[in-house]
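Let me give you the structure first, and then I'll get to my questions.
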Amino acid sequence: MNEPLSTALIVLAVGMITVFVILSLVVFSGNIIIRIVNKYFPETSINPSSVSKTPIINTDLDSSKMAAIVAAVDVITKGKGKINKIEKS
Amino acid sequence: MNEPLSTALIVLAVGMITVFVILSLVVFSGNIIIRIVNKYFPETSINPSSVSKTPIINTDLDSSKMAAIVAAVDVITKGKGKINKIEKS
Amino acid sequence: MNEPLSTALIVLAVGMITVFVILSLVVFSGNIIIRIVNKYFPETSINPSSVSKTPIINTDLDSSKMAAIVAAVDVITKGKGKINKIEKS
Amino acid sequence: MDILQKLYDMTAFGELFQSPGTILMLLIAFGLLYLGIKKRYEPLLLVPIAFGVLLANFPGGNMAVTPSNSVNNIAHLTLIEIAKDHGIMNMLYYALIKTGLLPPLIFMGVGAMTDFGPMLRNLRLAFFGAAAQIGIFTVLISAVLLGFTPQEAGALGIIGGADGPTAIYTAIILAPDLLGPIAIAAYSYMALVPVIIPLVVNLTVSERELKINMKKQDKLYPNKTKIKNLRVVKIVFPIVLATMVALLVPSSVPLLGMLLFGNLVKEIGADTERLFDAASNNIMNAATIFLGLTVGATMTSETFLNSTTLAIVGGGFLAFAISIAGGIFAVKTYNLFAKKKINPLIGATGLSAVPMASRVANEIALKHDSSNHLLQYAMSSNISGVIGSAVAAGVLISFLG
Amino acid sequence: MDILQKLYDMTAFGELFQSPGTILMLLIAFGLLYLGIKKRYEPLLLVPIAFGVLLANFPGGNMAVTPSNSVNNIAHLTLIEIAKDHGIMNMLYYALIKTGLLPPLIFMGVGAMTDFGPMLRNLRLAFFGAAAQIGIFTVLISAVLLGFTPQEAGALGIIGGADGPTAIYTAIILAPDLLGPIAIAAYSYMALVPVIIPLVVNLTVSERELKINMKKQDKLYPNKTKIKNLRVVKIVFPIVLATMVALLVPSSVPLLGMLLFGNLVKEIGADTERLFDAASNNIMNAATIFLGLTVGATMTSETFLNSTTLAIVGGGFLAFAISIAGGIFAVKTYNLFAKKKINPLIGATGLSAVPMASRVANEIALKHDSSNHLLQYAMSSNISGVIGSAVAAGVLISFLG
Amino acid sequence: MDILQKLYDMTAFGELFQSPGTILMLLIAFGLLYLGIKKRYEPLLLVPIAFGVLLANFPGGNMAVTPSNSVNNIAHLTLIEIAKDHGIMNMLYYALIKTGLLPPLIFMGVGAMTDFGPMLRNLRLAFFGAAAQIGIFTVLISAVLLGFTPQEAGALGIIGGADGPTAIYTAIILAPDLLGPIAIAAYSYMALVPVIIPLVVNLTVSERELKINMKKQDKLYPNKTKIKNLRVVKIVFPIVLATMVALLVPSSVPLLGMLLFGNLVKEIGADTERLFDAASNNIMNAATIFLGLTVGATMTSETFLNSTTLAIVGGGFLAFAISIAGGIFAVKTYNLFAKKKINPLIGATGLSAVPMASRVANEIALKHDSSNHLLQYAMSSNISGVIGSAVAAGVLISFLG
């Protein structure tokens, strides 16, 4: 077996082992974190005051209210206005 | 004629010719593009779905509707609110 | 007295003198500027037209109007919308 | 006449006649623009890459990236000397790409836009992001057999990671000369995921397997731990993961560490919103422009028009397909032993190409069982596939770099 | 006393007494701030330039840009060495300006904020953006006759292109020592367009000509092709134009290529909005700050207070005026032969200085015929004037650089 | 076995066993993350610093900042060579931090977010920002007595300026090896101002003094000039102040000049809003990320775990406390001679740490007299404290740099 090929085979072995180990650790440590947090910090948010300052993405105004707002803007703008972003407060 | 001056004269000639050639090509190729597009893509937008996502500048809500929206905000804000940007949808 | 210490003492002296001089000049020149502006430019804004374009921070819509706007949005969004920024116009 | 001669010399016609391949490169640029604009294949990358090709291929513009060699010695000039002698595109390329800076910065942005929530809620499935890296190493071996150096073969294989910045980062370090075609192949195949995944799935998964309904399985065999405080978990997770990765695969830290940092500043929320904004917008968008234009500018007729490019196009496809199949067979193997079955589509999304792979998998599943919404499940292996290919890149760099 | 002596040495008083020109530079800084803030002359550039002058002119601050020469050899130091030995302002100057990087980046932003629509709708008028470049070359010849080197003369002439980034880019390459006054002259005269255009128009255009009503002419001689699908045309146009420019004037690619790339990502729309945002905001605004401050910092008493600066101020004005007149006479010549007449103001706006020149032309026209709204027509030659001067810059660089 | 050996070599375990201090550094990183995220101590800086520590401390990642020395000669390599040989974190560190670039850019952002209005309305009180710099110089002398070099002592003392970017800028120039712990100490104590100020106030100020009511004093002895046109004053002030500082303390121009430039573009308003936006958002946020990560990456076990770090932690606290006391005693001295009394809390806020110090002072005042709202008064000396410590930094750099 020539040298490059044996290198490639070792990289294959080490690579797949490492990927499996790391993703196993992701699963494992993730579960540990969830358990510890569930046990010791089940409810408290890290910064109580920041509950009202969630980051600007993933606003989850439920869809019915969003629809209502969109509709309201729609009425005024006759369908040409677009709501960019509504932040939860 | 000294050397810098002859250089300058050549640059004058080449420069003005080039500018005229390029802008002629702008006119010419622009017309070709318009004709070809008129003939082969007269109506279809490139991405149908992006018609509703025109870029944020140059919104051309016609002025009457814009005025209506501005007026509405004006009423609420007693003339102190300002609409920054309304995107077409 | 060793050399580093004498350096340090000189830096102490020069440093505190300089800080006092500069902040005295802040007080002094600030007062001069205020007096001159009060005398020669008591009312005119630098760019009349820019009164309506004050920068985006420090909007001082008085609080009652702000409250009214917030309330209006609140009604529509059932308390989940947040007004980010209202520019004076 | 003198003036006309000088006029002609100023234009690029002379060079065009000397290297007619340039015309082919123009056509490739137009083709990429068509794919990016009209077909909407990864327009954020393909449009700047294509425009970079367009700007670079007339040498008089001094906008083509010049490979460093022992004669020009570019990689040892200062940036100011590079700009003076080789133009601003080389300056940007050597400062931002050759140094390997932009991919980690883009990974920081990717992290700031990634939500680990779906993965944390179906953590077990994250495991299948590992199997879907097999394409990387299979193609590595195949390419070595075809005569590529191990470095080139590794850069070729990483296309199978289905992650643009990872592919670019690995190519910069292992085989900078192949950067252009590798980037094009990576982004094109990512855009083609809606074609490639169904193809592989049709060849390898049975109708019965496609009907495995993840939600029903969850109800039949309920065993998941409910997360009581998602916010805290999401903050602790990137910190712990960064520590483990730094310890076990240090060479993937520039990628994964930055991704996890971006994710952390997102999850902290308002207190670090300025950092989140810089990571996910300012830095990210500027990095994307410069990455695209400079990668495009590496693609001149001399460097692009050769059989290696064809091998990359072919090998890249193979790597994609084998990765998908690898994920699928990992699930099949698991299903042989487990009572609680998993839909093999969850394996296919281990490829990464977030979130398009998940959407495609979801659509396939719904076609066979209209109640089988598996998007959330697919996202778990999909996100873990990003981690998996960054780890694989780290191993490649560590052994071959 | 020892401490008082050390205190005095720390201040800039010693240097002030040695080079009293510094006080004049301070007054120039205050004057520029007055023009930028109170008179609102191009405040986005003049305010940072003026502040740069303010910061640079007390040498103890180490904030003045030092010209590179064979003794200090700055242009061959690394950026880290430049920062250490010559301060951060030199580092920024040599990294961003001396390399010629910022003007193309600003052109990318200009492109992202330019709408070619008005030009495409009145394409024929774009031709008059060519004639209005004559001031560049006339002043080039005049300056050579006055004893300037061809390089300096070219940098001086390009002021007549009435385009800030183009002038700065050309000056960086042809005559970096004159960068400061050239930038100041270019931006000041651009701000003075509402004064200069009426002046030249009064001297060269008759009342009868000013009353030529573009809309009525359009009705009398309708011949324009209506654009059925503006969106597609606007996307294809920058691609085609970039290809032609790259082929014919490669040396203007760094400017025009980037402008057209910026324009393309704008016209594509939502799919490339992140790129548009980076080009027109993030990169553009940061580039403007650094350009302004560093250009200001080149203007120390040694480099600025000399007769060359006066020649630049005079020559720049001449270049502006001749360019305007050139555009006007091109229209007049056209009108001699054509039935469908064109208002000579359309020629005047070929100068560029978008969009102020068009607004000024429109106001002049309305003064003579309150129904003669020619803004949309003027914008056509106005925008093509930007292309024209970038092409002219490319020719200058190609022949003299 | 061969593969297992190679696997082990790839990990950082070997290095971990060789330098067990790494584990302590990890714990420090976790501790800083806890302070930044959970305790909300200056999260914008402490979170990236902590993550930088995390990424840097496993050497295989090539993410630790390597001090330049005569062997590796890093400070004289090009950026491309640094990135190639020492990784992207060193590239960022040497390009952005070692050059001293980022602190001035951050100061520009601070200026763009500072409102001099409160200071201008109570200009007299600005004077007390001077006395509160005494901690800087006291600690300088103490550290020299303890055996530190004057340079190190100055970098240690500047922590008492209670201003993050000023401390970092001074440390970069005077004692780059101590950068990490100095930055940590500066930001940590700034976050601890709500603890430190009350502590010092309790020890030095009497109940009777705390009840001095600023508003009542203003009514008793009205003498302030009313500002008729605040807008013009706010525009002229930064220009005049920049000129004076440039003349008297040139070495503080990179900091104060940039701060005043940022403030000017804010006060001009709409005409320079693009510059304001770049200064206060784009540039500021990106600079904060890179500053935090690279400063964190300087903190490896070799450079951090030693007695110097302990001295910095102790000396920094001392500098804070002495500065606060200095401000308080300046007010007390003033009150001995003046009829119109000033609340000593106004002296305490001369420390800077804007605006937290003012808020803390306000709360203390309200506790003793619920009508004694002195926030606006405290802001005057608070803002002038920023100017004061930048000037002090200029003196340190000018004498010791």
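Just a few scattered comments:
For reference, chains read A, B, C, D, E and F in written order, and residue numbers begin at 1 within each chain.
The definition used in the following text is that a residue touches a chain if its C-beta (ideal position, glycine included) is under 8 Å from a C-beta of that chain, and two chains touch if they have at least 3 such contacts.
Computed from a predicted structure; not experimentally measured.
Listed candidates were A-F, C-F or C-E; the one reproducing the A-D interface, defined as more than half of contact pairs identical by residue number, is C-F. Chain centres were defined as the mean of their Cα atoms; on that basis the chain farthest from chain B turns out to be F. Annotation: the chain E:chain F pair of sequence copies touches via predominantly different residues, less than half of the used numbers being shared.
Between chain D and chain E the centroid-to-centroid distance comes to 40 Å (mean Cα coordinates, whole Å). Work out the mean CA point of chain B and of chain D, and you get 34 Å between them.
With each centre defined as the average position of its C-alpha atoms, the distance from chain A to chain E rounds to 46 Å.
Under the contact definition stated at the top, the residues of chain A that touch 2 or more other chains are 10, 14, 18, 46-47.
Among all residues of chain D, those that touch two or more other chains are 6, 10, 37, 40, 78-79, 235, 248-249, 271, 282, 395, 399. The touching residues of chain F, counted against chain C in their complex, run 113, 115, 119-120, 123-124, 126-127, 129-130, 133-134, 136-138, 140-141, 144-145, 149-150, 153-154, 225-229, 231-233, 235-237, 240-241, 244-245, 248-249, 266-267, 269-271, 273, 276, 384, 387-388, 391-392, 394-396, 399-400.
The touching residues of chain D, when paired with chain F in their complex, are 75-79, 94-95, 98-101, 104, 108, 235, 239, 242-243, 246-251, 253-254, 257, 261, 264-265, 268, 271-272, 274-275, 277-279, 282-283, 395, 398-399.
Residue ranges on chain B touching chain D, taken from their complex, read 10, 13-14, 17-18, 46-47. Looking at the complex, you find that chain F touches chain A at residues 2-3, 6-7, 10, 37-38, 40. Residue ranges on chain E touching chain F, taken from their complex, read 6, 10-13, 16, 26, 30, 33, 36-37, 40, 43-44, 47-48, 51, 54-55, 57-63, 78-81, 83-84, 87-88, 91-92, 281-282, 284-286, 288-289, 292-293.
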